[in-house]
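There are two complexes below, and they share subunit A, which is joined by subunit B in the first and by subunit C in the second.
Up next is the complex of A and B:
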């Protein structure tokens, strides 16, 4: 299915923006460890993770660009007083860097400050395992360009899972300080992590059309099933109970990101991410 | 110098064997398997090359584009290089000659790519220094996106391994 009915454009843009912005902001955050990670291998690993995630983000922004739509959410910030052409407005760079903060659809999880090492690797564990589940599902999307992109991305995500699992075990089997920090990280991470499965606007229509093969609620169930065993075995916080209907959360999710409502920490991050682009949005690189 | 009137697609494939991978110069782009197709318009002296990226975030793609254009300009061709997603590159596309070139540079060639969730890297690589299979993965991430770091327990040397993808 390469042709989309007109009334699914808006919903598809919401989905692609959520996927792209999660990867974009995560990739940017990962790069903050370049040069200062606690081990040389991790300096390299986080730099590589950043490069991978930014590559995936670019792929999703290209899909958006190819949709060739003049959607108001993709418009540039009015205060910036930019004389952007329509062409620029729709380029992957313009979509990534030219939007107002409220145009971003990333989950709040990825916009939080990087914290200590335990926080960063624990966040990466929750993010990468969740991302894997959703990308695996999107390989079956009825929208062929998205299914193709997911099939490319999932091969690389296997290496992210290996990295995430390694650090989960390493800290959990480490000394009291490592265990304590890891536990504290998971305590604060859970509400944000559930925000990764906040439904995008128009989710029902996307599911009905097969563009989104599973609802976000179904994906969340699958994700929790995939990580329950290691987290319980390592005696880490896992605030869910299961019954015949699946996992039930014992805490409220922190939603808002998928509607463009971000936390205060996003403001500073947004300034940093877009600062170079805003100097001259029409520059040729 | 090849006569412009008799130039063939084979000549272009041969010329592309002179173009090194920007990140691992011991292997050329043809042996790396990133060239999907070559199209030649003799009358217009124009060539179109379809190039497949390795990893999604590979930063070398623009360098490859420039190197291809420069090399084919020596044949008198104006070249358009299109990055394609028509088909996915896989490390299984690396030729036997390419695998030997990687090993010679101290990089263990990739094992078979797999579609399962199992990480293909966990199979011990063959040490490119001493040939031992008594090796272990040190980190899934290395100097470039396509390389991991491994360690040989026999010759006590670290080495790089091309990731199966």
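Up next is the complex of A and C:
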């Protein structure tokens, strides 16, 4: 399917923004470790992962850009001060840097301050294992451009999983300080991580059309099954019980990101991310 | 609950030599080295420096400490002239060519 029925455009934009913004904000947040990671080699590795995420974000922003150009009635809301200069957001750059904070659809998980090293690599574990499940499902999307993008992204995600798993094991098998920090990180991360599977607006229509091959609820179940074993083996927090219906969370998820409701920490991040672009959105660099 | 686990050894940072295979059938060749706190991390770092751009089909990392080295000029570069043992300068190509031609014509005539 290359052509969409018109009433699905808005929902597809919501989905693509969620995917793109998760990758974009994660990429930015993790790039903050460039130059200050605990080891020089790890500095290179973590920065490289961050760049991969930005590359994935660009793929999704390009899909959004094509949609915008195809349907000029669609408007991704520009940042208020920029309305005089930008008619609507069509280029991938304008979509990435020209929106109001409330236009971002990333989960809150990725906008939190980077914290300590244990927090950042534990977040990378939860984010990339979840992203893997989601991207794997999207390889079967009925919307061909999205399925194509997912198929190229999934190969890089395998390496991200290797990195995430390695650090998970390393901290869990490290000294008391490492284990303490890792445990504390997971305690804080869980409600945010569940926010990755907060339904996007119009999810039901996307599932019905096969654009989303699985609902976010189904993906969350699959994700929890994929990480239950290592987390339990390493005696890390895993606040879920399972019955015949699947995993049931013992805590409330922190939702809001998919509706553009962000935490305070996003404001600072947003200002940094967009500061250069918004100096002069029409500039040629 | 984990307190009896060994730590000092697993936290020891060491140098790993990295070998890479450029394409199927090619030999592993030395590419460089990385410093890492564990073999698993060494592989990740090797991938970043020697396999991120599609330049390698396979990678090995080997702790430098595992390499058994021979680096002794007395053994590897003997003082006495033994040029006669070397095949350098001994031209095989023409001789092989002659033999091949002969075999070919033998086959035809024979």
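The working rule: the second predicted complex is superposed on the first by the 265 of 285 C-alpha atoms of A that agree within 3 Å, B and C clash if a C-alpha of one lies under 4 Å from a C-alpha of the other, contacts with A are read in each partner's own complex, and residues count from 1 in each chain.
Simple rule for what comes next: a contact is a pair of C-beta atoms (placed from the backbone, for glycine too) under 8 Å apart; a residue touches a chain by one contact, two chains touch by 3 or more.
Quantities reported herein were computed from a predicted structural model and do not represent experimental measurements.
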| item | value |
| --- | --- |
| Clash-or-fit label for the pair subunit B, subunit C on subunit A | clash |
| Which of subunit B and subunit C A:169 touches, first, second, both or neither | second |
| First, second, both or neither for A:58, with subunit B first and subunit C second | first |
| First (subunit B), second (subunit C), both or neither touched by A:235 | second |
| Winner by number of subunit A residues touched, once subunit B and subunit C are compared | B |
| First, second, both or neither for A:159, with subunit B first and subunit C second | both |
| Subunit B versus subunit C as contact partner of A:148, first or second or both or neither | first |
| Contacts of A:126 with subunit B and subunit C, given as first, second, both or neither | neither |
| Which of subunit B and subunit C A:48 touches, first, second, both or neither | both |
| Clash-bearing segment of subunit B, relative to subunit C, as chosen among 8-16, 44-52, 80-88 or 134-142 | 134-142 |
| Overlap of subunit C and subunit B interfaces on subunit A (superposed complexes) | 41, 44-45, 48, 159, 162-163 |
| Complex contacts: residues of subunit B adjacent to subunit A | 55-59, 85, 88, 113, 117, 119-121, 138-143, 145, 148-149, 163, 165 |
| Complex interface listing, subunit C residues touching subunit A | 1-3, 5, 7, 10-11, 13, 34-38, 40-41, 44-45, 47-49, 52 |
| For the subunit A and subunit B complex, residues of the former touching the latter | 41, 44-45, 47-49, 51-56, 58-59, 148-149, 151-153, 155-156, 158-159, 161-163 |
| Touch list for subunit A against partner subunit C, complex | 39-42, 44-45, 48, 159, 162-163, 166, 169-170, 172-176, 179, 235 |
